[in-house]
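Right after this note come the structures.
Presented sequentially are two complexes of chain A, the first with chain B as partner and the second with chain C.
Our next item is the complex of A and B:
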């Protein structure tokens, strides 16, 4: 039975997390829309929007963890894939504005009219169709990751050098997208969105639906990543991370395995970006900023790389902290973030979730030893 | 017998390689027959590991020919290709997948499809499990099956790596200093293990330990400064003036 083998492959923990995410996707909109504001369980719309954003970040951190935590590829440019997915969605949303722009041009977005452009550039064609934009959301980040990874992994660029060129990649895109003649709205980016799939982005219902879609997308990404890391392929990723040359001399084409993981990861990041843009209402070149990508690394490290729940937890925790701090003590946030990163790197190399699961398995081992001492059986190490 | 089977398994002719002007391998020629086990000795820096690097595609020779099974020019292939052609290698410093169980280390080495999809949709079969358990027995690690490789002793890691070679089931095994850091008992055990393996594999063993080489009881090649100094039975090599002078006598 498929469902049964799925269950044994993933283990109960992963199933619980996916189930929880799907439950959140179903319940939060209900608590937001169906309950009156006076009800104690009512979830206000601003919180729905805020957590929707956090879930997008969690998805981005999950994507990073697939390559960093499991395959040792420390990408300092994952924000670029997120931003590209966001731009693809932004282009669709721009085209949906139609004649409601300031200049009321039938096809051209406002910024193009402002730049005196006569017609839509070729790369904007098709973005009036949702299915096409949705395809580009995964195709564009995937293609960039493929081309970038093809050259980087084939030339066996690893470690710090690889991190630096991923950082350079996102920085180059930042500079490119700032230019007006790139055709993506330059400095201001894409904004003033009106509706999506025919419904207003401003309505509470749409916002709740976007939240649900994000929770479901995160759940599905988590499922996909779990299936990958629990397969023999996933064990191989870890093997490559720990002893790349051993894997190579066993006959594995290490560069192909890395490339596959990198492309899948970039696509997940792209979807996260695409869900982010309609919720925050804007995408601009700032999303390519190197600092953004570094923040993703911090979320993942804090939560625990090499565990799939860790990056999700880390993204929620750090961003929750950021929202609190920037409101309460705005001047201290960066120090708190930096301090947290230093603390985690020094004392919790496996992150919070990593430490918790270590404690748990240590406790289990002790219990097991006690039990086996009582029965006189040989201890079996946990898998 | 087809002509291919008459050819030597491995044929190195006039191979040289230099690093920044220093000739690590200098006009080296070596022939290993099918089914043969060959021991290679020589002082540190003689080029033994570099020779393995050349055979396995890690280092490209500046000059010379390297042929496998008669007509396969190994200098045209990279590490992964050469591994798939049937040459396995144990590193000088034992290298295993520390975060995987002993069993999984062998499973990853197991001789089967190296493609992405095959590994994504891989299902463990009973016959494969049986084969892996056999290998666990051969390398004396059955009782450590579920332990992480990082929990093994140094000697056990060496054995695990040899076990991974067996799982890979290559035609030729290159084994670089398998008994370095082992106790005497482990060394004797390793010699037995290699003799067992050599019954149905060709093997090249690099080692310093003369007692161990004597236990193997096979043809010996002594390298020095990148080329062959002497070749023959251990007694022949050990009594060679040049060998005594450059290696044993020191």
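Our next item is the complex of A and C:
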């Protein structure tokens, strides 16, 4: 019963995408681990790692799309939520190193020993437990988004002003995390992770499992976002995006809706960051750089904002392009990225997916017209 | 015939003047070469002879002798001041200090000194410099003595003080005299109390360190109390000056922020467009300065001091042209979509950065300071550097000119009309697209001129723009758009606030606190400090 109503609510397209993501989650590890390397369908480990990373980016783009594409909040600070989730996971992984660090201290991570710290700071307590770290992965970005959004939306900071203060937020965090006194490893960040939940991070099995986990997480986030945007709540978000004052005059507490979307989005971004860190093996303050957050915006814009599939597609496309370009023509990558920003905003305001669906609906219309033209006499006759 | 006689007379006069000078030099050279073949016992007499015959020219030789860098060549017993360098030992003539080639250590022999001789030399040096006819030499010697604690020089200093006529040298001598009195326990109590008073008038860090040293060793309670109270009063004075210094640093930072932000404020105010490539306009200005200086260095080295005067208009034109092209090529298609403009201009900024990196390379470029922009001077207990003063003045001039342009010219009138009500301005016959393009060019051009100024205090690299862009945004958002005074007040407030936080919180934390403050401030006043009054509503 529930599944049926869910199905009708989401529409077949979304179900297909979620199913595809779950299928990838199941099949890719199999192709990587079970098949011999000589087999034509074998997926090499480096590809698994690379696409695992891309899927994290896709999740981040999806999170941004929820607030930008559906609610009109252009956040230039989503990288901050991603990085906070990453740091929470990084802290757990740091605690798992135990005595295997360079200084072999049982509780303190290497960089704290190096800084002559005597004991673990209070905000590191509890991170030796996975459940606690997992909670923090969503709680910390969510809390930051809640506080920030509560202030910003209540005072009706909108448009470019909001974009700029979100940028200021991530910039302030960047500067803060660069400080050694903050207790997050300063410039170097957190790295040299050994294992997670008792299994080594270096083994192919763990990597494949992380990939699956990312694909499943992306699928679930997609499901969550579809549920949100297809509900009455989602319609209201779109109304706020298109005419905020009118929505307010109709009696809706606009700031509450925006706040909810913002917090959910930040939490998804946090989970994406947490899955990203064990796959790349490092988290440092560079992730807070304002340029990173703006890059997420372009993934979403290229794919198509206001569609849920668009940002995923855009993130995969742009990052695939980036991997290719930075290897083949490193000096031209910024030209390509910059050109992408300009061209997409000028010629593809709805992104690739948006244009495709526009074309399809135009074609359908034409087909319908032709059909009605052929049977032109009938409606009249029916009258 | 008359003329011939006059010539001869002139020649004779010259010759007569030249003879005693040449004689004196000859005598000196003779005395100096005598240093080479002497026993230690004969040295004091030789040094006093040199002291008597010589003038301040002999000081470097005395210093070298005291420091043990005076040698003579074994082959011909010629005396040299030496300096070790990478490829051996450089010889310098003892009087003229001209370099006379390089040699090995083996061919030289050191002229020996002992501590007794060193004391004699020190007094002799002080004697020669403190009593020299050259004012600047006397001044530096008097200042040098401030750190000395040798009681032997005291009587000499006293004598010099009696003879001194120049006020600033006299003051320096008195201060040094006071410092030496307190360091050595040779003076009477009244002398020491006077010295404390002198140091109180001096009132800087140096005086403070002498006094703290004195308090630690003083035996008389009266003197100790006097010194302690003077220390307290000096500390108070220094604290006041440090506030002034912080205000100055803050204004200096504020002027940089003002320069970087003012162009942004115009384009944001008039068109509601956030130009993320604004920082790159600053960078283009800085690179224009670099290129102008390269051309001048290679072709017209004499004009180097005027390089900034050439760079300013060129930077304005270069950045203005890029801005104009951007507006015509991209931004005008995006009006009414401010967030998209933000993204497109960010794309432009990436491309400009990479273009500069490809053409000029990723490393910092050397941009020189002209003579009139280097150096510093002291005001009370604070130091003002010339380039900061010029940049502050330049920022004020740019601000004033812009204010006049916007308030008093036809173009300014039209810009203000478009800012306040675009549609009404259009219906009054103002060509709003043209105004948009020109405003954008103007804002970018000013950013270019800011780049010329920033090239003097910051590294010129492809990332130059990125360093300033976020700060510029903060200034504009804080000050409020559409109002130049808002930008002015915003820049100065943020600059001063930042510099006042720095001593307590450290540079990075101060910046973080400023950012957090702005984020909170925007909640209270979403349209900035000086919001434009109007009935605009987004629908």
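The rule is simple: the second predicted complex is superposed on the first by the 371 of 383 C-alpha atoms of A that agree within 3 Å, B and C clash if a C-alpha of one lies under 4 Å from a C-alpha of the other, contacts with A are read in each partner's own complex, and residues count from 1 in each chain.
Criterion: contacts are C-beta pairs under 8 Å (C-beta built on N, C-alpha and C of every residue); 3 or more make two chains touch, one makes a residue touch a chain.
Predicted model only: the values in this text are computed from it and were never measured.
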item: Overlay on chain A: chain C relative to chain B, clash or fit; value: fit
item: Partner chain in contact with A:252 - chain B first, chain C second, else both or neither; value: first
item: Between chain B and chain C, more extensive residue contact with chain A; value: C
item: Partner chain in contact with A:74 - chain B first, chain C second, else both or neither; value: second
item: Contacts of A:163 with chain B and chain C, given as first, second, both or neither; value: second
item: Chain B versus chain C as contact partner of A:231, first or second or both or neither; value: first
item: Partner chain in contact with A:243 - chain B first, chain C second, else both or neither; value: both
item: Touching partner for A:260 - first (chain B), second (chain C), both, neither; value: first
item: Partner chain in contact with A:176 - chain B first, chain C second, else both or neither; value: second
item: CA minimum distance (chain B, chain C), superposed complexes, angstrom; value: 7
item: Intersection of the chain A residues that touch chain B with those that touch chain C; value: 243, 245-246
item: Residue ranges of chain B touching chain A (in the complex, touch as defined); value: 56, 79-80, 83-84, 88-89, 91, 95-101, 104, 107-109, 114, 116, 119-122, 146-148, 151, 164, 168
item: Of all residues in chain A, those that touch chain C in their complex; value: 74, 148, 151-152, 154-161, 163-165, 167-169, 171-172, 175-176, 178-179, 243-246, 290-291, 294, 297-298, 301, 331-332, 334-335, 337-342, 344-346, 349
item: Chain B-touching residues of chain A, taken from the complex the two chains share; value: 228, 231-233, 235-236, 238-239, 242-243, 245-254, 256-257, 260, 380-383
item: Contact footprint of chain A on chain C as seen in their complex; value: 272, 274, 330, 333-334, 337-344, 346-351, 353-355, 357-358, 466, 470, 473-474, 477, 508-509, 511-512, 515-516, 518-520, 522-524, 526-527, 537-539
